[in-house]
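Each structure below is given as structure tokens.
There are two complexes below, and they share subunit A, which is joined by subunit B in the first and by subunit C in the second.
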Partner chain A sequence: MDISRRNLIKTTLAASAAAAAGLTIGCKKKEAPQTETSAQAPQATTTAAATPSTVAVDNWVKGVCRMCGTGCSIYVGVKDGKMVAIKGNVDSKTNTKGFLCIKGMNIWKVAYHPDRLTTPLIRKNGKLEPATWDEALTLIETKFKEFHKKYGYDSVAYYGSGQCTTEESYTFNKIWKGGFGSNMMDGNPRLCMASAVAGYLSSFGSDEPAGAYEDIENAKCIFITGSNTSEAHPILFRRISSYKRQNPNVKIIVCEPRKTQTSKIADLWMPSLPGTDLAIFNGMAREIIKNDWHNKEFIARHARFTQGDGSQAATFDEYIKFIDKYTPEYVEKVTGCPAASVKQAAEWFAKSGATLSLWCMGLNQRSNGVWANNLIHNLHVITGNIGKPGADSFSLTGQPNACGGVRETGSLAHLLPGCKPVTIEPWRKHVESYWKVAEHSINPSKAINPKPGFPAVKLFSSLGGENEADKPVKAVLISTTNPAQTLPNLNKFVPNIKNAFTVVIDIFPTRTAQLASVVLPASFLYEKGGVYGCSERRSFLTQKAIEPLEGTRADLWIACQIAKRMGLEKYIAWSNEEDIVKMAEMAWNDYIGCTANTEKTLAGATYKRLKESTTGVQWPCPSEDHPGTYKRYVKGMDPIFDDPKRYGYNIPADADMFFYGRPDGKINVFMRDAEPKASEKISKEYPFLMTTGRVIEQWHTGTMTMRIPETAAAHPNSYIEIHVNDAKKLGLSQGDMVKVESVRGENILPVRVVNMTLEGVCFVPMHDQKGNRMVNFICSDVVDATSGEPDYKVSAVKITKVSGPQKVDDRYVVTKAELDSPTFS
Partner chain B sequence: MIIAASILYFEVNHYDDLISLINKYKNIEIANEDKDNGKMVVTIEAENNSDIEKLEEVFHNCDYIIDFTHHAFYFGDEVEKAELTGVIPDFDIKKPFSKKRIL
Partner chain C sequence: MSIFDNIKNALNSFPVKSTYKINRMRPPGSVDDDLFMKLCIRCARCVEACPYRVLRRSSATKNAEIGTPYIYAEVAGCQLCMKCTSVCPTGAIDSSTVEMHQVAIGVARINEDTCMNHLYAKVESGELEPTGNMALCNSCLNTCPLKDEAIYLKDGIIPTITDKCTGCGLCVERCPITPIKAIYVVPKNMPDEETAGYYNYLKRIGKK
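Coming up: the complex of A and B.
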């Protein structure tokens, strides 16, 4: 690279970094916001010698990082049709100042990785063999039609992802629920967010948070529980830690079984044995009320006390009586959290003035995950910490489009667009009418099935071959996810996936692809574009930056081809469009029309607006001139108050805050017992509680991050963390190999001796693809009775030494060559 | 070669120390600065992973440097190499939150 070009690149990048840092000195203008040609690119006067010209990059194309659930906004630099640079979006409301983490910086390595799948594959005589797109799609069409005819419409399932674009998920949802008349479709958010959905629905009557990420910088107390934010949402953690650094009086409380990096910024770490933290939440509520720290006015106006399923009202006194047993001392005995910490946390939570709770899988992936969510909401209601800046009960998502793509489009077995249950007849009729199901459906019922389909674990339990009479689901189309690694108790599900007619859409070989009947090579996000909606109700458009890798196709194109072949060409109007960007726009328009009269309305977020916006749009956003909504349920901020009848709600004219998702406008405060009755318990034979989770460098099953050299190198293999005292008892040293065994399966893992967890608690990351290190062979497949979400966080295991240290840092990933030999060992 | 544009946050009364430190490295250029508020934008050229890693270690171990974060990367040459060789280059960008769990 010659010096002038090098200087030009440095100048361009530095100008952007200066804007991110808030440095205006020497900068002639702020960076242009949109897809911009280099002629419009920022020109800066800097001390680095350079003469701006038009050659650094051809275009900076706006998009979303897809490497975790935060939803960071980026620009991809394109030169001669290739991704050559990446930078944060300084206008972003998500990754403020345009910060990016290591995973985001390395997206390009995924796009150009030699492991990318580029040819459809069909299994013939046990081997996956290259095929044309037409051959693969014809086989899918033939099988789907055959199964529909032989076994009924529910015999063909779809299993999607919080990484598909909203347009893709909506299209598959429309095909299945309206076109096929089958609700036999679910998605991987069932494994991570379903308890949060059910928690919001049961407490508030409407899914997703009231607030937004900007509550972080308005909070006086931040209560982080069931979330290792520093590793799972690093950019959000940067926001929190930066805010704390600038505002040392802000209290940070971290409630987690492990003393993770997140707790390093905490004023208080509240340890808890896995599965027991509901006792802490009830204990904090008791302490708050006992000390008269509760908000009586807020309770009187906005709380409805209830027990059981919420159908029966209760009184405040009954609630007080219910939680009375959760004394700090009792909580300490049950959870391992010191009584004094419960008292301190209760005081800070109630008295700070504005408390923000953040949680993630630690609460959701539990047998009592919905109840855990309810109890966090309880704390916010009794202290009045909702509806004001800095105060919210905020569930973080694990994927960048779990909210927008799956929850909001209703792409789960029990939902319809607008996140409304299929069981609600008026809404079902609306969707039927909007989709013209009676006219187009290939199902003779010509209607959406009012009965929910199977949630993920039940779906894969019911999946099997034609010779398995007890398995009613015979085929599954899996997009952008890897259930042969992510489902719990894998020994139970791997044969089912293998025996069924399984179609996998992915960009890389995966454990699931190894079991598939057909593998379809997908385009990467930046090769197709599409909308992602993140945790804070914000939808953001990624624009197509580069052409798809030769041989690959966008999931939306695949969905449309299936629709056409199944006789739904007119039903999915965009299936006749050639241009993927236009297809996506048509799908988006259909979606926002369908949900325009719901509280999740994005009617004002037209594609044109999304293309122009550098911040995205937060729903409710009913019209193009509406700015989007930072706070729900507050008059003057939430547009639902302007015309409630349009959305099917009744809001009293004088209400300044109203939780319209529930008929009485009040939030349910539940009496939830803390004991995780369904969770696995330790025993003499299985004396350790194992919990699982993420590490910062890896994401999910490592399909992408294990192919990025530096993230793979940072965590090349799974391991088990155990407390130093437990290690002593077991005679284990650093690096020793152990067998970790539950009643379901086992792993062979190296030991990491730590002092940042409770005794008796061990931790294993979830990203490793090596068969005998895939932790989900061990995990419990008990699910939350309401949400259907598995209890990944609580499994009883035993640990026995196998050998001294062995070299296992092999950065293992499933290769193309191994697609035909799925050795899960 | 990769080029990073990064931001240094430093204690304002140590500006001269920071300048002295940066001047030791030929591959770092100061692109912009706000002395009063302790912010500086630098560009870094790196031929390989260890270049950036070594720099980061130095910065992170410096008491008067409050934070060091990357904002943008240019990797066009690396894309070309990857396409030509079929190998993804292995340069390291140090983790923003490194972890030391082991006793």
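Coming up: the complex of A and C.
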């Protein structure tokens, strides 16, 4: 029965005669579109049978999943030197019982995709032409040296990723901050985690959560906000929902504009219009104090009330006065969340006994993201929900190594290893002397620049060609990320990336590679190995499973070659090493030495230990015999209490809980205003609020997951979810093509009519690479004033119908041929 | 009665004409198959009208069904846009079908032995030993045009199909289990797996 339309016409003639229909047939001769799908099919069937249970492997190599921030521990199945399967690690502490999701189970397949880049490419006359490694690296060396001389050391930038291994990020950080004396290096965690970092630093004085995933199974109430955990962290979500099923008395509160799958397990769903949820948090605090549910003892011992601008201390009474404005009725008016829900949530939050908050990009990617983070911490402080099992203020990370690789190694424009700001002089001096910057730096200042560099959005606004005098950054080295698709308001940044001298390190052709001057083919994670650190401070070693695809090189090797050519051969001691595994080990040892005397210490997590461990190690871990830390800030659990002097802290001997990140050991409770002043507002012309997010089958810009047949088929294109009432008003039905337009750019997307979002709120997944479906053309590039993180979650748009339904499930990916053209088709 | 009518009636009364098959559905709004076979004049207007190119036509090997429209769910499910219902000149596809809720061209069922979420839940409950082969996926749920109405996750994990299922087959298209999908649609009028004759699904996967 499956016949092409061309054949169909022939059979139709026979059919009509036979069936004596007596009507003429109006078939026009057209190309046979049905064969398109069958052309994609063979790939799916050839790889299909490779489920772990059916595949014979020579050996299983330990590793960690390449996708989200959960940090699932896996084994890579290798047969005849090739990856053939992935299975979960049943001993794992993160993905208990070895559970994985559909992405992780299939990720190995991308390593053998025909689109893999295998040779360096240099752009000549607009075309990316194959070159040798030596040619490409020589060009990079010449350009970098030229720009250093002509425009200063800050004219050459690095833009890294939460998917680089810790060793890679650390090496690039060391090269840039110490070797070049330039803080002009940032990473894509700026687009996802920066607000959480600033939130923890301002409230606790030390980055990253106090607790761990273990708290899920100890919590009595779980407050999930700004996170569609079911799609973005499926394995963690499953941990939560199976815990909830076994313990129905545990309360789950979900606060989100969309009634996602996450809210299906919730006892209470608190809707909030995008951008307004800070009022809910302040409203909950007011209810808690008004009803005398707050923990007075905890507040007296561990809270320091602080003015909203952070300038000076305040009193508890001032705080009460400040939040008095946020009555449940006021909150309802501002956010759309029923007043009764605010009261109920406040009661459960305060009285459960152990409340765990989980949040992700819904709070971080906001114009007031840091303040949103602070307000969650506030709730935990006033209710005393920190430092006991099941109680924590826990930020979920989006990327597998954003915590370990970028936050802890300080690979952002304002940080140094140990996640300490570059502005702190004693720490800067320590890093300078540990790295021997004075001896090795090629910068005449022979020191680390005390001034932070530009955060991502500012970095890319300042990036430009040599003829652009107002753009001080002339070159950028981009590793393992795709800013030409991930930055907000792309129309503004794409020309900058194109005009500058852009070097891209990636495994596949991407939108960024389309704009690049040089493209370097990278090895895949399991072809090189390295350490990843997940959301719960756990570092886990991925061992090299197979030899790299011919022609590709590990990012670490590339970093070392650049270091050598720039005259930093002795500075990066591992740059002369041949074996990539040894290279990584040396980089790791250098790193754990550098941060050994900080609370982020992984001194006990030697390579040997990481190789043997099936569970990874949670910092602080000061020595090899230390088991790793489940709870920070608590005496008896946190090793910092054993010898605070070593880490530069003063902890009173009688303190059983002490927040040593701040000098007085107390957590800041900020009087932060809830008004999203900088966020985009709806107007008559742009009446809808658009928010963006992930789906379970895809990851980031889809460069990998759109190339896995199973996941690409499951989510082949972006769409816009519109509330059924809005659709009625606009005269839209399922599948209609609409133009979604903001003041910055537009997309053409198919409509999905849903009833699970708030009216006036629409949602677009962020993974599609097709030019007119890349949602970041629409997104607002307003950034949080403190963290520099853009506001992807709130954009005002208008929606107009362009046509009826069209077939757009093309699983579009950028091909090698497209690399020659800078237009995004 | 003309000779053409005679041929038509003879063909339509042919005893083996209706070869129901798993994952092969008539267009949305189609009338009962007996009537459909009598009414359908194989004009292909519905096939032409389908903006997603989902509708196909039966080939000559399918006895009297030759030329009639089908959805072949493994390749592409129906997006329920209802563009085909209004073009049918004979009423084989009921033109009063304009809402996706009205559609009932089949019912999806899940193969509990291959669906990853089912296996996952079994490991979680201790029914199966953990082997590391369990992967979570919500593709059938996420792709369903009547998400949470026609399909929901029982206990937050087990995809469960309700009687609201339209039988559009999108879940079959998007199911990541290959080559034999873990979800399938039994078309309307096909009695059930047991009596589905030659095309019995269980036979196809070697269970019987």
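Keep this in mind: the second predicted complex is superposed on the first by the 765 of 825 C-alpha atoms of A that agree within 3 Å, B and C clash if a C-alpha of one lies under 4 Å from a C-alpha of the other, contacts with A are read in each partner's own complex, and residues count from 1 in each chain.
Here, a residue touches a chain if its C-beta (ideal position, glycine included) is under 8 Å from a C-beta of that chain, and two chains touch if they have at least 3 such contacts.
Because the structure is a prediction, the values reported are computed rather than measured.
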item	value
Contacts of A:M105 with subunit B and subunit C, given as first, second, both or neither	both
Subunit B versus subunit C as contact partner of A:K124, first or second or both or neither	neither
Which of subunit B and subunit C A:K79 touches, first, second, both or neither	first
Touched partner set for A:N89, first subunit B, second subunit C, both or neither	second
Touching partner for A:V754 - first (subunit B), second (subunit C), both, neither	both
First, second, both or neither for A:A713, with subunit B first and subunit C second	both
Touched partner set for A:Q261, first subunit B, second subunit C, both or neither	both
Residues of subunit A contacting subunit B in one complex and subunit C in the other	1, 11, 14-16, 18, 20-23, 25-27, 44, 48, 87-88, 98-102, 105-106, 230-231, 234, 238, 242, 245, 261, 696-697, 709-710, 713-714, 734, 752, 754, 756
Complex contact set, residues of subunit B against subunit A	1, 3-7, 29-34, 39, 41-43, 45, 49, 66-67, 69-80, 82-83, 86-97, 99, 101-103
Footprint of subunit A on subunit C - complex, ascending	3-5, 7-8, 11, 24, 41-45, 47-48, 51-53, 56-62, 64-67, 70, 72, 75-76, 79-83, 89, 100, 116, 120, 123-124, 130-139, 141-143, 145, 147-148, 152-153, 155-157, 173-179
Touch list for subunit A against partner subunit C, complex	1-3, 5, 7-8, 11-12, 14-16, 18-23, 25-27, 33-34, 37-38, 41, 44-45, 48-49, 51-53, 74-75, 87-90, 97-102, 104-106, 230-231, 234-235, 238, 241-242, 244-245, 261, 264-265, 695-697, 709-711, 713-715, 733-735, 752, 754, 756, 804-807
Sites on subunit A touched by subunit B in the complex	1, 6, 9-11, 13-18, 20-23, 25-27, 44, 46-48, 56, 77, 79, 82-88, 98-102, 105-106, 108-109, 112-114, 230-231, 234, 237-238, 242, 245, 261, 696-697, 707-710, 713-714, 721, 724, 734, 752-756
